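As written, the chain order gives the labels A, B, C, D, E and F, with residue 1 at the start of each chain.
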């Protein structure tokens, strides 16, 4: 009995010793790299945004000028997302929204888009998708420029009828044999624009202040 | 009318029986020289009991049985034994075996013929007589027929095998046509010895003449035997399958027909029994079919030991004949030479040419088409057995019941890839048997080695102990000596000699003790019967080893003496 | 020295394969009738590639060429690959498919008789995941597409991927009936609406239903000639029928009827020619039933819920994986052994 | 950081206790594996493996000290069995350890001087004989280990390969006709 | 309920841990030579993996919380290692043969990436406790399933005339590749 | 550590006992992230780093760790190292970090890391251990590189795509289009391609070994196994 107790204690102490050292090293690394990581993540997002909006078109710190958008069916989101606002001389130039197309060929397609106050699109990008490589993945800017056809489009210029692939009588090109994917993207963007129309004022909150505290 | 049953699979190769049944059985003339192998039956070979140069009479014993499963060998005619040596025989290995060479004197003079009245005989006496007469199963397995009468379980049905399912062979057919009455008398003797009520004689329905001859003989004899026409399908003549067809009973895998109360004899065996009991004739001749690529296919009654070449010459082989097959085309063996002798197992010899039996095309890989499984009468999966056998995976092959395969060849017959399946199975079976043998030898060697080491260890210990004892004694003696002034200490060699003497006695004692200890294994409570049986088997083996080791130990002792000297 | 038996029944592997090839003829003939002769070019390409790869691999493996090249098994593999890909495909499609099937799926395993996976279906699967674009352009049956190509133009397309000026690939090709069904259901149409589309015939796709019937006819010949066991097609088609029947009864607007499933896609050719490949299917009767049921189930699931328009190929190779286990666990009782005695 | 440390300390302490307890509670003695290995070895006791007999070799394998391809009498078959038992890859014999055909020892009775040296060498007591008398080998007990050959002062022991007879004849592996004709 | 069923089907077939997620390959290749061994290994892994995903959920949810996310890997792996070591001792005691057969792979369950991968994926997918358990169990069942199928094929392949340079692991790799090709057929079944 | 020892260790790690081809350990990252050369080499180097340091750490403490917590302690050390690497990558190589995904933390459970800690570092002094860790890591990296290159060429027709993740935008120009106008053979990039590719590489190694062994003439007995000759 005593032997068991001693061995138990010994093992325990031993393990604790290594755990303490390990945790200490790890924690230090974490605290040392934390800020750099936060900065890198923000940088990455900024790079994505810069594809949608020319950096010259705004002058605020777009990463900080943001507010939370509740999950909404029109956006296809299931969790709250962040909307970023680009301003020039204090006046809003565009809002950057996240949306999700739920009905891609193989699941959800995550989108990010910039919308100007007049309802026209600054640009759309696919953030993540599972479409068939070589078939449905032409929506990705890394593969083809198809997604750029959204640049400058708006619902005021083009009626609902036009927000379709050419095959269905709309204005968008598609690749033969893969129409499900573009349909899903077009529909999602169209819906997001509708959401924008309905919530324009909330999105461009005048007093949207730089959010407090750093990103987690 | 009896209801017949079916078994799975089977094939219908062309029978080619008509050729050799056109003429009656002919007596083959006395050959110039006979070669009689001492191994013509399943089990141990017989032991020669005649000398070279000795004159023997027809039917005289020349080889006597050794051990339980064995049988007698007799001189097929009168003449002089000119040699007892290794001769080529009909065996797929083409290896020679011990044979007696007999030069007939032409008199064909019978020795003593002991006739018996079977009704007065007990089964036991009859068995002894059959063993003396060298009666073995003539259906192919040449299993000593007396052994088949020795059964612990009540046998209620006697099945007589007149199926003769293999193509070409007609010796049983002709025998039944011509000597039905004698066969029926033989059957009655076997029935009497077994004490059965029901006797079923199964004959394939492609032998109408044999069926009617047998039916007539049975009717004449007024025995209540049933002659039953069974459907022609290969291998309907296999004992287990014939029993299934006639009685619906399946002989369990790994068991004997007697375990389900059935015994099976071939018609020719019954005939031989009749000759042995009622005429006192030992088994010195048999009917053999000579057919195939010959001008005059027919059946001969020929003496055991007759060179096949003599028989074939009688039927005149055609020019393109290039090999000979003993037995049927499905299960026979190719003869290593045409002059090897006829044995009790030889029911047929087929002259073959490439036109008659075209050599099979090159084997292709198995395509798992399962045609083989569809025809396998044992319902095995031949394609799996083949897969394991060809990759030397014997454990798996055994797991898939390789040893239930009766080597009938139906699978190879239908295989579209022309794979020599049966040969693969035979290969795997012999390998497994050899391995089992090796395994047993290894176990034995381990025990012997362990015992030896144990003995050496013990002897060392004992020696050390005695040395210590001696030292103590010496010290004591020294002390005593010192006390009692200077008396010379005893000489070392003397002590040593004494010691070895003592040691030997001790060793013997210890050995006896040890034997007593190991003979009764501890830990024997709550064992299953199998475990008990196993332990018992081990004990037997161990006792054997110990007795050997004890002998060796006895031999061991002199060296110590010599050292001592 | 030879060992017994000394006689054999005159049947051989090449004759079996040849009969299977004969049985494909009605289906192919109807294919040509409804879709034009492009398929023959495709078959020729696939077969040539299959035989060439077979010869190359035999050479590399140091095995005799003649017996294996003349056993027709590579020919059969090539044919089945050609039949499972769109006929108006660039030439390299059937070539890559056959080469992969023969080299990797067959010869790396030791060639005829040793391959665990159905080579043709492996070839198909490789093609559909690698070249989904090329693999989804099927020729419209004659009279349905907007324009028709002459044989010369088709050949030109196959070898250069160039269409006559002004012609769109879309105008010639369409998705298969199964694919269209899936796409349109996705867009919210009902089964009956969809089946009113011009590409559908009485049972399934116009033209393709007749081709399926042709294969079924050939399959029946194979059944009667005892080349293939009955359990496989029966279990497969039965399961497919039962499942689609139940779903169709519950919700006819979203689930196609059983006969539609039978006569579209590769169901018929699969049931009689593909699942029945003796080398890659189980050898026991019970095993074959399990195999057929499994394949039917998977085919239905993939067709109804999966990412690929037809599921026969994937169902086949998925079930191929299970064959060794099925065989092991369905060993039949042998003569003289009771059920309980079994291992 | 402090919380992190505390959490890890707690986790480590708890798990350490469990493991420390288990290590005592579930301790195993002996090596049942060695016996399994020994059962696979041929028991020729020849020492060609470099160990004094089969059992020591088995122990060495079980301890992971010896390779599985050292026993020539076991043949490739034996290595396969060991590989299977131990779940490792098959390994062919090294160049110096090739199996020889099976043989039994034979004592030339004319030359034997009855020195008993061979008796002492034989690991399985397969030699019978008394001092200064001619010795014989019990062929059925001899494992063919050759250990009796070197000690013999007059070189009267020779190893006779076991010849094929009707009783130990084996069916051959069918020659694959396809490979022949190629 | 159907959600849970879908998770199970999804992890076993559609997102099979070995064939699709490419985790746990070393034991998959190493212990699949014999059918029986692979079954035992599957059982051991299922045991460890289910416990690991459950306990790591608890650790993550109650001990770490969002502030200490950087400790996830460290704490998970310590918990898993302890579980495995414990299992190892128990197996060694209770079944020496199994212990020998599983050989180096038993301690290596710790380093079966799947055992850490699944808890990490659990965290990523924000599964609740039951879902985490099911995900772990399903993943392990999927692992066992493919390993057993693979072992069946490898046993059969033993008798095949595979080209010499492909014998052993090379052909096993190719077979695994064709299996994963087959598993692609499930894609899209559960989104 | 003598030169021959070093040579032996290097030969073992890079060829004879190569983790990816012979020991079949560390397969998951090997197969999962070898779709491009850049991914493959990056993960390989990260693994090598971890292995070198973990072996170097395990070796000095090996005699102080009781048996029953051997594995937890080794794993703990590895986990700390990996997490450190992970944070460094996250901070300074973000794009690559995203691409390699879950496989960075999974270096912890990469079998080969623990296997070397267990079978080599726990029995040898620091220097050889570190060297062994490095060589094993490099062996794995080499296989990763070959497989990654092969898959990238066959699958995409390029080499070094994604190099910009490591070296920034300007590196985009370094991408080599090996086969211009290539259709792409997706199989090579998908998991089946990884397995089959590795199978082919193993076969190639077997082939090379086979050829090499045919060239070497059999050596005399005593030279091969001096110990056995004595024993």
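Methods note: a residue touches a chain if its C-beta (ideal position, glycine included) is under 8 Å from a C-beta of that chain, and two chains touch if they have at least 3 such contacts.
Because the structure is a prediction, the values reported are computed rather than measured.
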| item | value |
| --- | --- |
| Shared chain contacts [chain A and chain F, defined touch] | C, D, E |
| Mutual neighbours - chains that touch chain B and chain F alike | C, D, E |
| Most widely separated chain from chain F, with each centre as the mean of CA atoms | B |
| Most distant chain from chain A, judged by the mean position of its C-alpha atoms | B |
| Distance from chain E to chain A - Cα centre to Cα centre, in angstrom | 33 |
| CA centroid of chain D to CA centroid of chain E, Å | 37 |
| For chain E paired with chain F, centre-to-centre distance based on mean C-alpha positions, whole Å | 21 |
| Residues of chain B touching at least two other chains | 92, 362, 364-365, 420, 423, 426 |
| Two or more partner chains touched - positions in chain F | 68-69, 72, 76, 79-80, 83, 87, 184, 186-187, 190, 192, 196 |
| Residue numbers of chain A (touch at least two other chains) | 7, 10-11, 14-15, 18-19, 22-23, 26-27, 30, 105-106, 134 |
| Residue ranges of chain E in contact with chain D within the complex | 31, 33-34, 37, 59, 63-64, 67-68, 70-71, 74-75, 78-79, 82, 85-86, 89-90, 92-93, 96-97, 100-103, 168 |
| Complex interface listing, chain F residues touching chain D | 67-69, 72, 218-219, 221, 224-225, 227-228, 231 |
| Residues of chain E touching chain A in the complex | 66, 70-71, 74, 78, 187-188, 191 |
| For the chain D and chain A complex, residues of the former touching the latter | 1, 4-5, 8-9, 11-17, 19-21, 23-25 |
| Residues on chain D engaged by chain B in the complex (per definition of touch) | 38, 41-45, 53-54, 116, 119-120, 123-132, 138, 141, 143, 164-166, 168-174, 176-178, 181 |
